[in-house]
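Naming follows writing order (A, B, C and D), and every chain is counted from residue 1.
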Amino acid sequence: MNYLSKWRRKWHQFLHDEDLKQRIYSIVFESDTPKGKLFDIILIGSITLSVLLVILESMHIFPHSAYLALRITEYILTFFFTVEYLARIYCLKQPRKYIFSFFGIVDLLATLPVYLSFFLHGSHYLLVIRAFRLIRVFRIFKLFTFINEGNLLLRSLWISAPKISIFFFFVLILVTSMGTVMYMIEGNVPDSQFNNIPNSIYWAIVTMTTVGYGDITPVTPTGRFLSAVIMLIGYTIIAVPTGIVSATMVSEHKKQEKRRCPRCHRDGHEFEALYCKYCGARLKQEKPETPEKERRADERF
Amino acid sequence: MNYLSKWRRKWHQFLHDEDLKQRIYSIVFESDTPKGKLFDIILIGSITLSVLLVILESMHIFPHSAYLALRITEYILTFFFTVEYLARIYCLKQPRKYIFSFFGIVDLLATLPVYLSFFLHGSHYLLVIRAFRLIRVFRIFKLFTFINEGNLLLRSLWISAPKISIFFFFVLILVTSMGTVMYMIEGNVPDSQFNNIPNSIYWAIVTMTTVGYGDITPVTPTGRFLSAVIMLIGYTIIAVPTGIVSATMVSEHKKQEKRRCPRCHRDGHEFEALYCKYCGARLKQEKPETPEKERRADERF
Amino acid sequence: MNYLSKWRRKWHQFLHDEDLKQRIYSIVFESDTPKGKLFDIILIGSITLSVLLVILESMHIFPHSAYLALRITEYILTFFFTVEYLARIYCLKQPRKYIFSFFGIVDLLATLPVYLSFFLHGSHYLLVIRAFRLIRVFRIFKLFTFINEGNLLLRSLWISAPKISIFFFFVLILVTSMGTVMYMIEGNVPDSQFNNIPNSIYWAIVTMTTVGYGDITPVTPTGRFLSAVIMLIGYTIIAVPTGIVSATMVSEHKKQEKRRCPRCHRDGHEFEALYCKYCGARLKQEKPETPEKERRADERF
Amino acid sequence: MNYLSKWRRKWHQFLHDEDLKQRIYSIVFESDTPKGKLFDIILIGSITLSVLLVILESMHIFPHSAYLALRITEYILTFFFTVEYLARIYCLKQPRKYIFSFFGIVDLLATLPVYLSFFLHGSHYLLVIRAFRLIRVFRIFKLFTFINEGNLLLRSLWISAPKISIFFFFVLILVTSMGTVMYMIEGNVPDSQFNNIPNSIYWAIVTMTTVGYGDITPVTPTGRFLSAVIMLIGYTIIAVPTGIVSATMVSEHKKQEKRRCPRCHRDGHEFEALYCKYCGARLKQEKPETPEKERRADERF
């Protein structure tokens, strides 16, 4: 009884220990302090190691006895990632924001597969998803140019997203129709690979994206003619997403070039910059077009 | 006699019942009223269902007895689409305009295959064309951003069309010539797949579009050299349509950016916008470059 | 003797009959007069027919007896093209300019293969090159928009040519090196398709241009790793020619947009336009950047 | 004793013979003097010959007795390249700069493989790397337009490098994850080619870059669905590097167009130009954005 209430109090204390939270925060989220930097490097090492282990395991080159060692390493790494995940939630004031951010979900997914593998054989391979955590490498090693460029890319893609979605929607309708027509043309040929519509749609996607495996190919003249049409369509409409992204990037580029220092009048400042990189004067802030939440999540975690 | 003239009068009345026409119009063409919205959702559901049924039927995974059910569902859906098509024609003042618009033709094509299948076995697969009717989904769910972006894309493609046609014309002449030369080089090799010029042209298209199935491949050194040349040409001239579309989009982008509010002087208004999105002042209208008919058809039906 | 000198005089007269030359010129080079238009349409018909005949011949679907008819048609068409070629040379003041222009060479090549086929069996297939003569279709049917756009495309490509040549030079060095390294890695595998360096270079081109036939594929881990590297290089550097052409086109587009009427101040005039399309005022001429000779040849013949 | 010190003195003299250095420099580095030009042409001839020899050797078309001649030619050429390499180092004041420049490394690599082949059988094929030395051809034949364009391309790529690196990083993580998921889906199919994760990653790269060999293809419905997703991703994200390079080139193009002569006010001067090409006035120099070292190396060696 006494013990229980004592533990409860301690747990309560732990949950509200702002000093501890601050210390953990500076280790797991920041990389300016020596401890934070060390933690980050260990983290990246662990992720790389764990991804390599999964790849090596699949190659069946180890003797049978080594698999126990492999599995134990995996469990240890997963335990470490789980503790890290809990620590991240613990030390934040608004853990909800982190949990539902891109990196929060990746961090969770990085631990789940191993627990899942107790029930579902083979699912532990899924922990390759951990690789996505490596994106943090840019922040850790202060590769700010890369982060800026990455954000520019993300923003361009974000702006292009509605146009590209429409393009995709159109492509999907097109491959469905083309696949069906092809099924009607080649479906009756003996030993045809166009034996049902889903396979024909798969073929239409393989063809239109110019991948062209060659596992399913037309053999009748009509089929070959239609294929040629699909290829030429695919070859031409690849210009659409490219044009969309190019136009957005040209326009983003120009915006960036226009950001001019009000004191020294030199331009070419990054979109995110707050101060002139030549004379240090405060730059006028333009409204970023990416949703605030998105950008924060990328910069912080 | 009496009955006939009575029916005739009723039919005449029906044909000129402006009130009924208005009510039907608000259901089948608009989606602001609850009834109109419900109708649209049922429509989209029916289209999706009917496309899925066709795909499932082709997979031959149902027991033989289920096919009757499939066929009956198909007939019911087609009856529904036929009634809908007639209702659309009935309630319009200028049905001719609708009938020959893009969506009018698609709507007609969406009903025909099943009637055709009474005479031509297998033609009912063609009703996958119904998938094109799904494009309306953007209008129904008020995804106006997407409609705007889609119109921008269409306009860019429309402006690029003459350039891309010339490019296509050139590509066709090129693959014809290259295919023939290849037929001359590899046609005499035993068991060659280059056994006639149409097949060689098919191969040239497969190669130049960088699809590369591998069902027809050169085996002689000269043939391989020529293939390499065609590949490099194809790899390079893909830049042409891409460049065309990119340049058009950059130019459209700029036009959009230039549309400036005459009152508050802020720019970045959509091409279609009538009022400033910041202060509500009337924007000066620029002439759209797409043919009026085209644009109307897209926005309305 | 008498006859000979008489013929000689007639021949001399014929060679300097300016009136006849003018009449022939208006038929074979112009398409404004009814005769000129008729001639052009017959010409296009003949070219299309002759190309179709070659393609049909290669398909071996005719009975053996029909080949004589085919061959005779071919001879008649070739005779027609030869006469036409001579007429073109005859009626020009500077035939040299025509003979060495793009269309002059194509017109010559369009007649040669049949004469060549008397000596070289099978070479008559080469007359598919006649297809290039179809490019004139745009001029004949007054599709001036297409001609303008085509010239714009040609000019963009002409400006991009040095950059693209360097790119090609680099790609050739790259595939040579990569092919050789691949030969060293996979050449010793039994039954390897990488059996000599030319084949390996062919493979490298197939891979880098993302064609990917699959007739030659790596099987060793090292080979697959190197292939992946080549693929990623090819996937990325396709951006270079595309970027070059896009940038040139954007810049050409802008130039076109800048051409402003000095009277009504409306812009968007074609590069080739002499008068404002809105008010008819004379536009200021800018120096075209394509070599004069090139452009002339395209516009005239 | 006496001899040794005499030789030592001579060696010392040789090492500091500025006159000789100057003479050698003008031969091996410059191509304005007749001797320098002759040397360069012999050099390019030797490189081309030696690359051709390697390719021919691999084709096994020579009689066995010819290989000795081949090998001797190879040794002579290598000796020539070695002497040339030493001469280049000898005559420079700061040889270190040359040795670690791009061309310095290529020149070294061009001689090593033959020496290596004494120990490692087959490594002499590596001397195809000599092909990279052919890049100098532009400088030798004074193709300055090409050099300018090449520098523009290099600068564009240099500026795009961080963005493209991030893109690559992302693609690598994506193909690793996709490959693993595919291994989980198709790994258990009998005789599957997806027999380990590295092979699956290889497949994912083949698919995403739209190469599509077809040596490894999915057979299960789930696998085909996932493939289709990867293809569509690959087909779309190729827009990213293209957009990056296009945007950079458009921006570089504009910079170039903006360089305006301060006297005659005409623009369109090359980035590298020092004087106005119309009136000869001195142009204002802008800071090049490529690292000085890089550019020097390209222009000089």
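Here is the rule we use: contacts are C-beta pairs under 8 Å (C-beta built on N, C-alpha and C of every residue); 3 or more make two chains touch, one makes a residue touch a chain.
Just so we're on the same page, UniProt names per chain: A, B, C, D = Transporter, cation channel family protein.
Fair warning: this is a prediction, and the values are worked out from it, not measured in the lab.
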{"item": "Relative orientation of copies chain C and chain D, as a Cα rotation angle in degrees, nearest 5", "value": "90"}
{"item": "Interface numbering overlap (same over half, different under half) for chain A and chain C", "value": "same"}
{"item": "From chain A, the most remote chain by mean C-alpha position", "value": "C"}
{"item": "Listed pair (A-C, A-D or C-D) duplicating the B-D contact set, over half by residue number", "value": "A-C"}
{"item": "Centre distance in Å when chain A and chain B are each reduced to the mean of their C-alpha atoms", "value": "32"}
{"item": "Chain A-chain C separation of Cα centroids, rounded to whole Å", "value": "45"}
{"item": "Residues of chain C engaged with two or more neighbouring chains", "value": "167, 198, 201, 210-214, 234, 238, 242, 244, 246, 248, 250"}
{"item": "Chain B-facing residues of chain A, complex", "value": "162-163, 165-167, 169-170, 173, 176-177, 180-181, 183-184, 187, 196-198, 201, 207, 210-214, 217, 221, 224-225, 227-228, 231-232, 234-236, 238-240, 242-244, 246-248, 250-251"}
{"item": "In the complex, chain B residues that touch chain A", "value": "51, 54-55, 58-60, 122-123, 125-126, 128-129, 131-132, 134-135, 138, 145-146, 149-150, 152-153, 156-157, 164, 167-168, 171, 198-199, 201-202, 205-206, 208-215, 234, 238, 241-242, 244-246, 248-250, 252-254, 257"}
{"item": "In the complex with chain B, residue positions of chain D that touch it", "value": "210-214, 242, 246, 250"}
